[in-house]
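The structure that follows is given in the form of structure tokens.
As written, the chain order gives the labels A, B, C, D and E, with residue 1 at the start of each chain.
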Amino acid sequence: MKFLSNGNLRGWLESLMGMGSLIAPVDLEPGLTLFSQVRDPGEVNLEYEITPIPPKDLFFPSSEALFRFSPSRGYEIPRIEGETFLLGVHPCDALGIRLMDFPFLSPPADPRYEERRRRTTIIGLGCVKARPECFCTSFGIGPLDPSNADAFLVPVPGGFLVEAKTGKGARALASAKLKEASIPIPKPPEVSAIDVEAVRKVALSLFDSPYWGRLADRCLSCKVCAYVCPSCYCFDIRDYPTRDGAERVRSWDSCQSPLFTRQASGYDPRQTKASRLRNRFYHKFSYFPDEFGAFGCTGCGRCVRYCPVNIDIRETLSAILRGEARIA
Amino acid sequence: MARIGVFICHCGHNIAGVIDVGRVVEAAKRMPGVAYAGDYIYCCSDPGQAFIRQAIKENRLTRVVVGACSPRMHEKTFQEVLASAGLNPFLLEMANLREHCSWVHSEAKEEATEKAIDLIRMAVAKASRAEPLFAKPIPITKRALVVGGGIAGIQAALDIANAGFEVVLVEREPTIGGKMAKFDKTFPTLDCASCILTPRMVEVAKHPNIRLMTYAEVEEVKGYAGNFEVRIRQKARKVDHSKCTGCGTCWQKCPTKVPSEFDLGLGKRTAIYIPFPQAVPPKPVIDTVNCRYMAYLEFVRSGREGKPPPQCRICEKLCPTGAINWDEEDAIITERFGAIVVATGYDLFDPSQIPQYGYGRLDNVITSLEFERILNASGPTGGRILLKDGREPKRVAIVHCVGSRDLNYNEYCSKVCCMYSMKYAHLIKERIPDAEVYEFYIDVRSAGKGFEEFYNRVLDEGVRFVRGKVAEIFKGKDGLSVRFEDTLTGGRHVLSVDMVILACGLVPQRDAGEVARIFKLSRSPDGFFLEKHPKLDPVNTHADGVFLAGACIGPCDIPDAVARGSAAAAKAIGLLSRDEILSEPMTAIVDISKCSGCMLCEEICPFDAIEPQVVRGKRVARVKEELCKGCGSCAAACRSGAINLRGFTHQQLLAEVEAL
Amino acid sequence: MPSGSDPFLPLLAEISEVRDLTPDIKLFKLNLREGRIDYRPGQFAIISAFGVGEAPFTFASLPEEGLEFAIRKMGTVTSALHDLGPGDLVGIRGPYGNAFPLEEYKGKDIIIIGGGIGIAPLRPLIHWFIKRKGDYGDLLIIYGARTPRDFAFSHEFEDWARGARLELAIDPPGAPEWKGRVALVPAVVKELKPSPRGSIAITCGPPIMIHYVIQELKALGFSPGQIVTTLEAKMKCGMGKCMRCNVGNKYVCKDGPVFTVEQISQLLEEF
Amino acid sequence: MSDREPRVVGFLCNWCSYAGADLAGTSRMQYPPNIRIIRVPCSGRVDPLLVIKAFERGADGVLVSGCHPGDCHYTQGNYYARRRLAILRDLLEFLGIERDRFRIEWVSAAEGQRFAQIVADFVKKLKELGPRR
Amino acid sequence: MIEEIRAKAADLLRSGEVKCFIGYERASDGLTARPFFAYSADEADRLIFDGTCVHNLARYLPDMRGKRVGILAKPCDSRSINVLIREGQVEREEVYIVGVVCDGVYRTTWGKPSRELQPRCLYCSKRTPVVYDYLVGQPPPAPESQHPASISEVEALERKPAAERWEFWRSHFARCIRCNACRQICPACYCPQCFSDQLDPLWTGIRIGLPQNWVWNVGRALHLAGRCIDCEECQRACPMGIPLAILNRKLASRVKELFGFEAGMDPRAPFPFATFEKEEEIL
């Protein structure tokens, strides 16, 4: 591991900005940090706690035009250009991007996602503090886990310990003024883990438990949990008419929305809040693992933190483990 | 994704002289959904219509946009073209390239052409979202209600009844006859008013198709053209008219005398009374306020102390048929009608509003209607023209335009005052040959059959016409003094007279506002009821199925009132002759899957056309299409867009906005 | 088609023919402008009305018959499609989903049970079985609609009746001109009592009809493996990516839409 | 229209204001060509969302015009419109759309001259305000 | 206070008068509160009430239609209940309202409680619920307002030039992710299908970003005019920190100025947009 001093950070960021666009945590309002295009390296906040939106929208934008079509000109497909450096990604969010790869890159791959992914270098950032909602260690990662990033930074006094994990990462670090590290890797903060494998084993037996109905009582059917989730990827596709044709748009959607599965006939197989809430949970802890061999959750805790009515996914996991969900 | 045809009309040079039609056509061809675009010199002409029809067929068009004049001009024309080509007429959209573009931007041809392209694009967008609309047939109730038993209402009732339809004639006074029954003679023919009116009144009473409801008032009207549901209050008469023979014993013997409304307080009537000898029905009512026995009952009921009034009950004792019924109360009757004629008449302008004329303060300053009673043989003076002290007047001033043609009161001309004033002059001259009569006028308006001739006749009779407004009437040394300005000679003068007749204008009935509310009528700024169109639809109203007759529309004379009565009757007969009517196709419609049942629409609807219903356990709104007039206030108020307006849907209007 | 690599890009197709099947169902025949679509009965495609959107439709034809879809006017996309006519352009991508395992059915008696627009995915099967009569046992077709006018493909009934036993029923009653059976489809199944021995029952229709048809078939002794249906679900991508059509861990668009009742009974949720 | 010319959307009720605009036409009164008129049955039909959409689509100004209060063809539609649009205008102003960009006018079928004048004034005012951001 | 609420809820549940009692319990952080649905007298023991009980529970009543439920109502919640009754979304007889006298609630986010009052409580004029069947706590003497009413954030924004206001809202709305939390948590948002979810007509459609977000947020605010009771839940629920309450408050104050109407105070008062005065100077 090498050392990047705080003093040399700016120069490195400037050189990254010279190579492409730099996306990093930026404070937009007091208490609100978001991954944003950096205009001045001084904006970058690498001590940020959390962003409400994970960096998934860099690859899977909240909205994008799939194509435009007109009978006279045929298809026009928006081009994806340039190179992007995504800096300051915590291990949970780096895992989130890895999880997103499963649906979008498995055949038939989504060429937009693939192209953006190819053009982006992910520079991870270790967590020196844990938040009360963190449970990333449940998913085989930890606060200082560099996996799923091309390069990784660990904050230490005076700067960062720096490591390239891939060729892309090495290229991004090439312009950084690095010193040999004499500082040991700090001890990661405590993050409690939940035995999600054990949950997965028993979960399906609780499919018809009244627990889901009780939990759903207070659910609002908003889409906060899905939109702040690094691994939720439901989407919708619709056309917008243009002057001489159509633009087909893909946008984020969520299985929590009351209209999500409603058919044109009015029939809706997931009419109740409980069935929708249950679907989200099982998708993450049963269906997604069945399909892709990994849990659809990173333990970032965003859904816990941002749910307006405190539907805490960890409580559900514990309830299943403790068998409470069976009776509740 | 309809197949839209666009037709641009040159309108000769009107459009093509400003707008580059060729460019508009080319632009239209590139608009989404447009399968055909072409132009024609006059689209509304027969060959133009044929051209459109042919293009519809050849190009299998499913929607049509015509860029031409205002839809208010030719929408119907082109709708019929669509219908004749087998398309629903509501699949037409017009772009107003003439009134809203070429005519108003004739100096900016380039911009006008660009604007025309935009207007076509908006119309194309709207047309692409147009849906076929259909009018629904609604069966009708073949009965008519006529409200008001004056000459207009009488005429309307008779005409409708003679056409074979059942009529209910509602009159709030105890008799029909209205104002005309109070008149002595009619101008200019000098017929005796009652002589010509009474047979008509009797005819009404006897007509097998007419049910007369006097002393009754309409309280509520629900429903819609073809199917009104009307609540009528029959006021308590305390006399059982089915038993009463109208023998007259009761009103001859009744000891209570009170001022007669019919004689405008100049004469007296009894507490049990008929308003005048020729009243129809010729059966009395009891005035419960002034009847002694009613006063006695009221005293007993109130539990007050002291000596009760006498019980009287003379009428009851004398009535040979036992028709007096003290227990009778107001009765509410609900009836269904297909058509309604409103003939509620007018009021006389109240001249006490003009204090300088001294009406109510000075003796022998009287209104025209009071003078009619004085002239009338059955009136308070037995037809003799007398001053308050019983003398005959020798000098009489008639003041025209009292409350009319006066910006302080009513700007309009009351139309009849000139003529009746001259009628008065003639009658005064006839009955008091040596009397001097002065007519103070602004202009003499004598347009009408035989009117000018009558004016000349009165001039020949020596009536003095003074052009000028009367400034003041005051008590002079000897009788009354009239201060006036003679605008022909320019001088200010004072004239001594014995009597002043104020030729009062005609104003809406005092309760016209309430009547308008009940029948959902509009009123013009002068307060009279508003016709659907003052020229072309003078007896229809915006409330479909409600027609107007007589002076409730505005001042008119007797022949006008009769003509209006017949006209309204013709409209009502026209409606009742049909087995069904077609509903308005552009009505509101509820998508119950989007409706939250908040019923904001119900609160807003000006026509009570929305009501709640329960569908699969859920409360949602329902539009009563027969009542909906298609204003769309509900659609604009509905947050979830569950209510839409056919013909102007959210989709269509938004498409127009988006096309900008 | 710019490149074959973008699974979201529909192929362009022209409507070559539109036929009114019922007051609200039309049959569309498409001609691809480019590329090809090789499908099997049971599969579906996603059709675009450009400017309005996409919706999934099962092929209503056999591959050798071209590309035909029976579309009922239901929502915005189907309404837009109903406005189109010959020569108009649509987009089509697919085929998606599994198909009926027709080889497995060889030698068996076939019972086809359809309701309303649910006949659309069954029509290619009817054509298939009639054409290959020798390979299969008896063919019984039970088809129900609300009114006589609501039978799609009534112009083919004569052909069907020549190759199969065709039993029609309407419900509710109230069509005086209708001389046939007035009954709900499950009641017809109950009445006709098809034998489960060596049979396969294939049903499609409104969810509530399928539910009761399955009940009746089971009562007649059909095993869940002998009953086949196609599931309907709201779909957007057709590729198992948008997460809309899953029933438990199965995607109707990838793993279905054709399922045996045995497979469905292992699914977790209502569908 | 060039980019600098203000774009105006006018929602006109069929019975009074649209007829007023027709009269302006029949009387050959000239006014700036910046306005695009959308015919509605009544000013009460104007869903505030339509006005919002018009601004979203880049209108520099929006005019809603109906019958004078008391003269509504449907007796009450313009009274409801007045309340709805009043609050909408306050909201838009608060959102940074200048008050002068949203005009609510009562124009009768006889007021062709007035209609032309209103459009002319409106366009002039919008030119002073400059294009919307 | 908490004991009284628990006892009352337990009574109602035990007697069968209600099937469910909607109140608050401690959230999973052990510090803040969350809505709680008690179905038995035993469960009533989990009920709490304090300054962390920010949620407007009236939001849940339309979900419960057809069932008799009990609900704990702060003054603001009680105004929402009135709005829902007025708009036919709640049957008064179906709801047993346990009103609670309120001293204001705190700005809390999960895991981060505070003792700072929410801005809405500074503007609130009611400490006693406007409708209830049973009242917990002592009603304070009139006037109830504990803080001088002011709408300072609104006024501050009003004083800025239009261009700055435009930029202010544009930057906020640009961030909106259309998660619909503001709408789903709002007790006045109960439409079966929101205009913004409709695809025909396409008011906003599915696209997330300006200008669709602008239409959504403006439309949302407008639909709340005369109906918002300023519970500020939309703003609290917004993960992107958009100051929605300012917008609502601005409209509420205008509705009061123009029409003298305050939402939820009187379920019988005519809704200001469903009535009119023939002569009124409001434009």
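Throughout what follows, a contact is a pair of C-beta atoms (placed from the backbone, for glycine too) under 8 Å apart; a residue touches a chain by one contact, two chains touch by 3 or more.
Note that this is a predicted model, so its numbers are computed, not measured.
K.L.:
By that same contact rule, can you tell me which chains touch chain C and chain D alike?
P.N.:
For chain C paired with chain D, the chains in contact with each are B, E, in label order.
K.L.:
Starting at chain B, figure out the least number of steps needed to reach chain D through touching chains.
P.N.:
So the least number of steps between the two chains is 1.
K.L.:
Based on mean C-alpha positions, which chain is nearest the centroid of every protein C-alpha shown?
P.N.:
Given all protein C-alpha atoms shown, the central chain works out to be D.
K.L.:
Rounded to a whole Å, what is the gap between the Cα centroids of chain A and chain D?
P.N.:
Centre separation, chain A to chain D: 47 Å.
K.L.:
Measuring from the mean C-alpha position of chain B to the mean C-alpha position of chain C, what distance in angstrom results?
P.N.:
Each chain's C-alpha centroid was found; their separation is 63 Å.
K.L.:
Roughly how far is chain B from chain E, centre to centre by C-alpha average, rounded to an integer in Å?
P.N.:
50
K.L.:
Hey, what residues on chain D touch two or more of the other chains?
P.N.:
Counting only residues that touch two or more other chains, chain D contributes 48, 53, 76, 80, 84.
K.L.:
What are the residue numbers in chain E that touch two or more other chains?
P.N.:
Residue numbers touching two or more other chains: 193, 195, 199-200, 202-203, 273-274.
K.L.:
Counting only residues that touch at least 2 other chains, which ones in chain C make the list?
P.N.:
49, 51-53
K.L.:
Where do chains touch, given as pairs?
P.N.:
Inter-chain contacts occur between A-B, A-C, A-E, B-C, B-D, B-E, C-E, D-E.
K.L.:
What part of chain E is in contact with chain D in the complex they form?
P.N.:
154, 157-158, 162-170, 195, 203, 211, 214-215, 218-219, 221-222, 225-226, 247, 250-251, 254-255, 258-259, 272-274, 276, 278-280, 282-283
K.L.:
So in the complex, which bits of chain B are touching chain A?
P.N.:
Residue positions touching the partner: 30-32, 593, 658.
K.L.:
Mind listing the chain C positions that touch chain A in their complex?
P.N.:
Within the complex, chain C touches chain A at residues 1-2, 5-9, 12, 48-55, 74-75, 77-78, 89, 91, 206-207, 232-234, 236-237, 239-249, 268-271.
K.L.:
If you look only at chain A, which of its residues touch chain B in the complex?
P.N.:
Against chain B, the touching part of chain A is residues 72, 241, 243-245, 266.
K.L.:
Okay, in this complex, where on chain E does chain C touch?
P.N.:
199-200
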